[in-house]
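Look at the two complexes coming up: subunit A is in both, with subunit B in one and subunit C in the other.
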Partner chain A sequence: MTRPTPDSVVASPATRPGPAAVTRKRSPARGAGLRTPRWVGWLFVAPALAVYAVFVLRPIALTIQYSMYRWDGIGPSTWAGLGNYVKVFTDPDLFATILNAVKLIVFFSAIPVVLGLAIASTIRRIATSRLALVARTVLFLPQVIPLVAAGIAWSWLLSSSGLVNQLLTYVGLGGVARAWLGDFSTALPAVGVIGAWVLLGLCTILLLSGMSKIDPALYEAARMDGAGPLREFVSITVPSLRQEIGVCVTVTVIAALASFDIVYVSTQGGPGNATMVPGLEIYYLAFSERQVGMASALAVVLMVLVILVALPIQWLTRDRTS
Partner chain B sequence: MIVGRREAWTGRLLLVLLMAVTIMPFVSLFVTALHPSGSYPSGLEWPRDPQWGNFVKAFQAARMIDLVKSSTLIVLGVVPISLLLGTLAGFAIGHLRMAGRNLVFLVFVLGLTLPFEGVITPLYYQVRDMGLLNTRWAIILPLIGLYMPFAVFWMRAHFVNMPDELSESARMDGANVWQLFWRIHVPLAMPALSSLAILLFLWTWNQFLLAIVLVDDPLKRTMSGALGAFQGQWGTDIPLLCAGSLLILAPTLVIFLIFQRRFVTALLQGSLKG
Partner chain C sequence: MPRRTRWNRAALAVVMGGTLAAGCGAPGGDAPRPEDTGASLSAAPTCGTEPVTLNAYIETGFPLPKELSTEFSKQYPNVKWNIREDQFAVITQNAPRVLADDPPDLMRLPQVSELVKNNLLKNLDGYAKAFGWDSWPASQLEQMRMTPGGKTRGEGSLYAMGLNFSMTGVFYNKKLAEKIGMSSPPATLAELDDVLAKAKSAGITPIAQFNGGATGGLAFPLQDLMAAYGPPGPINDWIYQKPGATIDTPTNLQATRHLEKWIKAGYFWKDVNAVDYATMMSRFIKGDGLFMFNGDWESGNLDKQMPGDVGFFLMPPAQQGGKQAAMSAPLTFGISSRAKNADCAAFFLNWVATNPKAREIGVKVGGSHPMGPADAPMPEVGKDTVTASTLAAGAKIAEDNGAMDFIANATGAIYAKSWTPQLQKLVAGQQTPEGLLKSVQSDYESQVKGS
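Let's turn to the complex of A and B:
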């Protein structure tokens, strides 16, 4: 299946709408336009647009509206202007949730992408073996199961009597064994490890499938020129995988910023506020503490943050040749 | 090609190690689930007397049959409608190319990266005002809306590559737009549709946030939401919790293993396009 880019329609000359007169005269030759009034297309789009407007666009608008008010969800609301936003950035507890999400990027994105690149380029040569085919299925398992289940499984692995501590004791590191998710200094990295586990397989397979499209002649030529594995990696593999790397980074960064399920199940934001992330804080603010305005302001900040991060990555890594 | 033998072996070793790390949590769940209910086993340790009965107990405690039924109903509500609406819109934007299509498309694409937490608060009040709170519709209807960006994006990408000549000849034979859509384009779109169906099924089945916010009764939630409730209720009985978790993730696992090739392709394409 070909890989589309959002602007491929715009770029193809056949579809660029000409001046109205020309369009009308030529319409019999333009396939789908044949004897079809142009507005008919809108009938096809209308149902999708309607549900999208009711259940996405309207809620987005309402979130922005709520964010300007102080409201407990029941009684009357009072205008707060940008007060809620000021509080998001000045209240240490609230701002810490955003910082935590940013720190999670290291685990959710950096580790899976870097490790995924390293692993994929090591196993590239055996990518068509039986073992690699089995691995494709196995490494996808974390993508298929509910994140909640991953959270429960890892809470148990990381608990004080879990497998992780058992292994540490076995190799003589019993001294550092602890309840990883319950300790202030290790809770956030421990949550990050769960995310890395979920995303590593996806990144590895995605990068590996990208590598299979690289012309092997490139590598042969590099070997002839005496390039080592590292040189190959830097000069051939990474540049060719620009688009795949972009996809991995986008998907994983959004997963980190918008994380909810894993944190909800494994730590509920604790201990203290050590693992509180924006998604979970929105949930608590809106549905336990009845501060709908604050929750909405944080929600707007989160949505903007995701777009601010996703757009430049898309732009930087887009395949400009197509 | 020059294949270093040592390189191949490091590759194999690394792959096996990676698989081991991936499977480890499942093995740990399984082994722990076999310990006596209520005990506090340590690490990975095969029990002296495996309690297979824990699975039966968890099956009843979690009311698995009701849960599978509930999730299935939700999937049946979400997936066919999303496919239909997404295909209609993708066809119009990608193939009929009506005026203003670029603007509509942009509006849909803007929703692609939307975190669900961003709209969950107004969704709650909206669903409540519609009188749908605590029904399965509270999950079904918002999910259809939330899936539209991806569904439209995906189907448009398919229809944009369909040659115009195809529609032209159909029109010569006297087909109207509706027939053109159903008789020619939908059958040809089957591969794209089935991949999309797989992705939507998976995302719906595993949907957590909407389930815990909009539906109180675990028996009317998705599997994932029910697992959250199960953890709250049995969180202190580790072996039972592990058995329940395994049971709850078993259906997706089984379906994945049956359709694994389609799944992997769909997920790969899905993340590449998304």
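Let's turn to the complex of A and C:
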């Protein structure tokens, strides 16, 4: 992005006297000895830092520590070194859970973002009509419904006598009808569809709000140059939404990799291990198999995986103009 | 500026490191609890006359423990109850932590071996002697016995008690049975196969069963088939983790092949891999399905929902007149090793098994056979009820010494992580009977070794 947007021209810090300039002017008068000691700043940060350390950093550190032990959660533990990690990557069942999570990215991330872009630009075109308001509300509704309720509702819809199969039979596709969540080949995609339904609204709203910031003059100029709606979308809308798309992709990819609730409610990882994802496997390992060490190791692997995937997305979608 | 930043970073690291260091040292540092040896008592304990509040942690959805506690307080007014309820899955996951941190006097328990290993349960040998529980039929208490250290189940000291013991078998819809001309329950496996085929060709789903989510209900017919083909002893040895026990035996293979034959013949619902327990029950009650492999905890419910229309029989043997076996398990309750009112809790458990009123509640509300001496008075039940036939089946199993624990109880994780996915794969045609038994056995070995 080399084109200067109106935003970057106005807000560019170099052209405006910033707080730094003000301080510089004032400081000689106060003298070096009277300057507030630097540690005072720490006092302000301390409460938040303490909470962060106790409730975020400490659990992470403990998880990493537990991952090096064999421990049932109650009794004495024995040192296992990196043995648990070796098992995460060599046990086909455990590794398959990670692959399933990666497959879910298509449904949780690709579909909501692509579809969300399309829907958002459609809504934007009809922004003044009442239909736009209704569409926005309906699309955002899944975000408001608790995921557990959504999972239960969808497992009814997708059951062998559910609405989905009734509709299929009605239009003469009865042969395709099946227990979508109980079939080895369709269970994971079916779970993915539930996730896509939940996340589509979030992406649409995010992208819509991003679109409202785009300068209408750009569209006018493009139209004068003879650009059609598609050209406008590709050349103006999508590039201007770089950061919003970045947020959407990051949030949804993390939702896919760390998915738990939808899977737990709709299939519990079955049939077979067709929909087993790391989040659910960690839970089973820790609370049903009582292998706290293994569970922690898988959790650490999942955390590293999320960071490895999320950081490049952040980097790719960063606004390079500033 | 760069130096300052570095200094600040160092300070931050020290502060953070200090917070984190609080969690160092190997996990599970609490000193190992002393092993309880169940010292003998001079007299049978009672609840005394002082006010006592018993803390109980029970399974939600089953009214029996609550009804018993109400009746108990009526007879012993100094005893009050503080009852906490959760789903069984929640209890299973929380059992060790609850017993360690917030010890209840009485708690509904999953399989006890992992809890005994950590010395979380009170050894009940002293009570058993004082109350005379050791003179009851041994099979009633066998599943709750553990050798020292929790290595093998089925023998050793007593660590829990039952409120009653349940019996599994085959329920059938009498109306549908009449339609296909089944006048009496099948007496052999071959006869059962015949009826199944007849039902199928009459357009009736032969077997109502669940196999969805994390609970593979085909384990019910599978274990019944195992007991039809072979003796129950080796199956129990496997469940009790006796050294060298294996599930991968020739008769069990025959049984698994038989189950596969049923699957391939379409005797189960097509969507059985998506059917959970509640769905199975509602479909069976609506009349979808001739047979249902389930337990007598549903007899009371079925007597109410489809009065007079449901029958029950034990899994028929492979040969005419052969011995019969069934999964039978006590409704297990234990006392925390750190319980405040252990004596009163034990007195309650003894009362449940011996008090006539309590036994009556046990049968009427719980639908299962009460614990207690073989000659204890049995409450009367209506002749045509399912409850009557499940109680009679209980007597037959006792006679044939055919009680088995459930193959899903062999280890804490074997059901959700092994039987269920394997049975779901068998339904989908992605696993062979040979492969199924081999997989389960290898999971079992790693779990027994790992725990």
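Keep this in mind: the second predicted complex is superposed on the first by the 283 of 322 C-alpha atoms of A that agree within 3 Å, B and C clash if a C-alpha of one lies under 4 Å from a C-alpha of the other, contacts with A are read in each partner's own complex, and residues count from 1 in each chain.
Keep this in mind: contacts are C-beta pairs under 8 Å (C-beta built on N, C-alpha and C of every residue); 3 or more make two chains touch, one makes a residue touch a chain.
Everything numeric here is computed off the predicted structure, so don't read it as measured data.
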Which partner reaches more residues of subunit A (counting touched residues only), subunit B or subunit C:
B
Once chain A of both complexes is superposed, is A:310 in touch with subunit B (first), subunit C (second), both, or neither?
first
Per the contact definition in the header, classify A:216: touching subunit B only (first), subunit C only (second), both, or neither.
first
Subunit B versus subunit C as contact partner of A:282, first or second or both or neither:
first
Applying the touch criterion given at the start, work out whether A:272 contacts subunit B, subunit C, both or neither, answering first, second, both or neither.
second
Of the two partner chains, subunit B (first) and subunit C (second), which one does A:291 touch, if any: first, second, both, or neither?
second
Can you list the residues of subunit A that meet both subunit B and subunit C?
38, 42, 49, 54, 57-58, 62, 66, 73, 287, 292
Across the complex, what residues on subunit C touch subunit A?
4, 8, 11, 15-16, 19-20, 22-24, 26-28, 32, 92-93, 96-97, 100, 114, 117-118, 120, 212-214, 269-275, 279, 412-413, 416-417, 420-422, 424-425, 427-428, 430, 447, 450-451
Residues of subunit B touching subunit A in their complex?
1-4, 7-8, 10-12, 14-16, 18-19, 21-26, 28-29, 32, 40-44, 85-86, 88-89, 91-102, 104-105, 107-111, 113-126, 141-142, 144-146, 148-149, 151-152, 156-157, 160-161, 163-168, 171, 177, 180-181, 191-192, 202, 205-206, 208-209, 212-213, 223-224, 227-228, 231, 238, 241-242, 245, 248-249, 252-253, 256-257, 260, 263-264, 267-269, 271-274
Where on subunit A is subunit B touching in the complex?
1-4, 6, 8-10, 14-15, 17, 30-36, 38-45, 47-49, 51-52, 54-60, 62-63, 66, 73, 119, 122-126, 129, 131-132, 134-150, 152-154, 156-157, 161-163, 165-167, 197, 200-202, 204-206, 209, 216, 219-220, 223, 229, 243-244, 247, 250-251, 254, 257-258, 260-261, 264-265, 278-279, 282-283, 286-287, 292, 295-296, 299-300, 302-303, 306-307, 310
How about subunit A: which of its residues touch subunit C in the complex?
38, 42, 49-50, 53-54, 57-58, 61-62, 65-66, 69-77, 79, 159-160, 178-184, 267-273, 284, 287-292
